[in-house]
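In the two complexes that follow, chain A is the common piece, with chain B as its partner first and chain C second.
Up next is the complex of A and B:
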């Protein structure tokens, strides 16, 4: 036993898989201790805020200000006018502004804006442009309007008594605040999702829930598979025929279809996290049964089983002490694979909208479902779905790697 | 063959058929036998002749398709697990491959303690059990102190097979079915194991049913010999009669197939 464990932990594949899995597991345990915020709290008032640190504007205005002598103009211009806008401006100027390629330099933003302000007119003849494109240019023009002005911004406050605006501060373009000075700030490492929830916190909780679904499914599938496989293989005869008939029936019907049907018929309200785990477990035991059975059949004719019978041991004891230990390594491997496939099944189900219906916990599949439902892939909000995909891939990868490592330890033929 | 010895295990028309219909295989085909107390009987035949199937039927590990087995003059009754357990107090076995005969997860002590428990010594104090185990091990020239707390796979093949005999020594059955107990063991250990079996027979007066493909070995140890071909007994009688004056052609062939060091080996019959 000790020796086997040492061998297992000397298999590089198992160790890598184990480290990844343990890291994920530890994160799900430690992160909630450090970050106590409710993972499903809707912090953001809107969809898909970009990853980054958010500081309170009011605090920033009222806080200590520092003047830095750096060029801020081109930086803020670049930020305000995207590369596409610049190309569109160049295109308009070439077509309708009567300018040539040599006149326009898109790298010089200030020059480009100067040319634009000199030449653009919304009333000009714009042949070949669609109405929407025309409107786009109007909007662009409005947003550029006054962009080159370098006036201070005046902060005004309403006097509660007279109702008049009173200037309280001015902000120059070279004035900065240190983000550390701002009392109210929040960092969203992975931005927010469509509900305005912090994706990272939600992801950690979702990983935890998905692992729970996977482990529930794995335990149930392995227990059913092991139990039926042992009985079917050891008892044989009619019992074997009946069990194998049921198993074959479940194998022939694609388990995913079965999963969808059961999930659907259970109903939206009853489908909690645990129930989905149970449902997945109840539909994925067939391969474990088949392989346990075949192993038991080859074991039950071994001499040590015969000897155990001759020693007067009961069937229960023979199965538990003379057959089960020989299967243990195999069962552990099957269990690991069942967890991995359970997590994937949950993700698939949730993508179809048949996953756990819950307002208290997110799962990896639900996060993907929300991201696709709110078109995150279309509007470029990669943070809403990409980390989820990576997490699912890491879980499946680490579990399968552990399985391969174990396989190599227990089946020396496979060692490389 | 002396008829004054009491009948111990006999059978009439014992048959084993595997499968059904077209796939039917008759492994053992209506064999009659009569083994007597204290006798060493050899069942000799080539691979696939049904020796092992017959031995498993005699042990009650597989069912008998047809025919009747009599144990100590009465029809054998192994209908339920309790009766089976009782039957196995009277009949025990040593298998061919010592390496697969042990559960590798159990220690040697457990194997021997099982035997003591089966003989009704479950509630004995540990000192007494220890003494019994030590005695059994010393009978087969093993030192129990060196074996205790060891796993079977830490032993050599010869030691494992000797431990099997120690097991029989503790169980003291009426009948021992030895299914090629020496075929996986080198020639030097073979003689030791056979001598131990014979010594044990003398000690507790048990019947040994010796299943082997080696007719020379059968001649060396047995009182009577049964020759088995394709699931049938083609010849039986005392060892001298069968081996020195064979009647059946098959027996003749088996005798010719024994390799001889100083003679040229007749390969024409192989």
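Up next is the complex of A and C:
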């Protein structure tokens, strides 16, 4: 046993897979200890907030201010004038400003603005421009003027008695706050999702739940597969024929279809995380059955098994002591694959809207489902789905690497 | 003559077996939902009378359902009614898209799914096997780079690959349209404009399925080919001085056979994954239809979708097995005895 383990941990593939998987598993255990917030709490009031640190505006306004001698104009210009606006400005300058391509560099915002201020005039002859386009340029010009105007922002309070606004402070463009001074801030490393939940916290919990689904499915599928495979292979004859007939049928009837039918019939309210795991397990035992059976068939006529039979040992004992130990490596490998396919099945079911009910738990599939339902890809909210896809792929990748590594240890012919 | 007879027997057995499986699948399709605590037909009937106050109207609706689904009859009679209708292609009227019939909805979506999945899985399978065989034969750097890449790629779920391609090529680079089977401003007809639109909408779903399939197949083929390359007959052939090209041919053919069986066994899983990938692109196939049906609690449509998926997978499997009979010399030999 010790020797086998040492051999297994010498396989680089297994070790890489094991490390990734262990890291994911540890994260799901340690992260909730550090971050105690409820993963399903709807923090954001609105959907898909960008990743980043959010600081309280009120705190920032009222906190200590520092004046820094930094050029802030180009920064805010860059931020407020989009790439399309720049292209539009260039187009106007080329057509009506009498400039050439060489004069204009859209990467240099200040230069571009300078040219724009020097050349643009709303009254200029603009042949071939539609009225809406002309108005667009007027608006653009106004907003640029607004940015260039370096006025202080006035902060005012409403007097509760008179209802008048009383100026309490002014904020100049070179005044800064240190984010550390702001008491109320929250960092969303991966932004928020469509419900306003913190994606990272939710993702960690979802990974944990999905792993649970995978493990439940894997245990059930492996147990059923092992049981049927052992009986089928060891007893043989009619029993074998019947079991194999059923197994072959369930191999070609897509388990996906059975999953849909059962999950739908169980109903939305009854579909908890555990039940989904059980359903997946009940529909994915065929592979294990087949491989266990073929192993048992090759084992059952070995000398040590025959010797056991001659000694009058019971079937139970022969199976447990003379056959099972030889199957252990296959069963472990099958179990590992079952976990990974279980997680995938959950994700696919959830994408169809047949996953566990949403209000109580997050799973990787449900996160994907909501992200696509709220068109996250179309509005550019990559953080709502990309980390989920990568997590699913990483789990499957690590499990498959472990499986391949084990395969190479136990099947020397496959070694490179 | 004897040879042909053997084949007939092989094919006859295969077709019989698949027929039995089909019947079994149909029975499951009928029985599974009805065995569950929330009997869909009963809850449909209950749902449609809730809120009605007129006693005679309620009675009429319930009678209507009883007649349509035979809910008051014993299970076996219900199955008879259901199977008779199903064989005629009558799955009733969709609840969600009333008054369209389920058969009509299925008819309009099954073509999209077939045209997307069959070529994609086939192309992915062929490319994957070629790459796997090449990786096994050349080894070295090619193998070292290609294998981990495919190992990682093959672990992406099909919908994950779909959403990544969608983000990169559809939204950021704007090379391809992001959703639908054709431009939303077009009416299906045989004009060039429509065909062009269909082709450009086809690219992203197609390649996401192909990429996923390539990964898994390449890995399988690579280890099969390495296994074969170490076999005694290869060493013997080398010893005899047979050309490398010819040996590679033998190896490829032998390594191919388990890959074909593997394809037959994993077709169901692959198609399931590809169906979910359709949802990402709102591709007008069975996958998207299924999702709409689930969202709309449209039981007749769900049941028809699962049935048509089963039939497609079974047919594809049967086809692979029939081809296998032609390719594998052992089947031929077994039938000649």
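Things worth noting here:
The definition used in the following text is that the second predicted complex is superposed on the first by the 359 of 416 C-alpha atoms of A that agree within 3 Å, B and C clash if a C-alpha of one lies under 4 Å from a C-alpha of the other, contacts with A are read in each partner's own complex, and residues count from 1 in each chain.
Assume a contact is a pair of C-beta atoms (placed from the backbone, for glycine too) under 8 Å apart; a residue touches a chain by one contact, two chains touch by 3 or more.
Every value quoted in this text rests on a predicted model; they were computed, and no experiment measured them.
Touch criterion met: A:325 reaches chain B, while chain C stays clear of it. In the superposition on chain A, contact of A:160 is made with neither chain B nor chain C. Residue contacts after overlaying the shared chain place A:252 against chain C, while chain B stays out of touching range. When both complexes are overlaid on chain A, the residue A:237 reaches neither chain B nor chain C.
In the superposition on chain A, A:309 contacts chain B only, with no contact to chain C.
Contacts of A:146 after superposition: neither chain B nor chain C is touched. Of the two partner chains, neither chain B nor chain C is touched by A:128.
For chain A, the partner with contacts to more residues, out of chain B and chain C, is C. In the superposed model, A:98 lies in contact with neither chain B nor chain C.
No residue of chain A touches both chain B in one complex and chain C in the other. Those residues of chain B that touch chain A in the shared complex are 56, 59, 61, 81, 84-85, 88-89, 92-93, 95-97, 100-106, 114-115, 118.
On the side of chain A, the complex with chain C involves touching residues 248-249, 251-258, 260-262, 264-267, 270, 340-341, 344, 347-348, 351-354, 368, 372, 377-378, 380, 382, 385-386, 389, 392-394, 396-397, 400-401, 404, 413-414, 416. Taken together, the chain A residues at the contact with chain B in this complex read 302-304, 306-315, 321-322, 325-326. On the side of chain C, the complex with chain A involves touching residues 17-18, 20-21, 24-25, 28-29, 32-40, 151-152, 154-157, 159-160, 163-164, 166-167, 170-171, 178, 223, 226-227, 230, 264-265, 267-269, 271-273, 275-276, 279-280, 290-291, 294-295, 299, 302-303, 306, 309-310, 313-314, 317.
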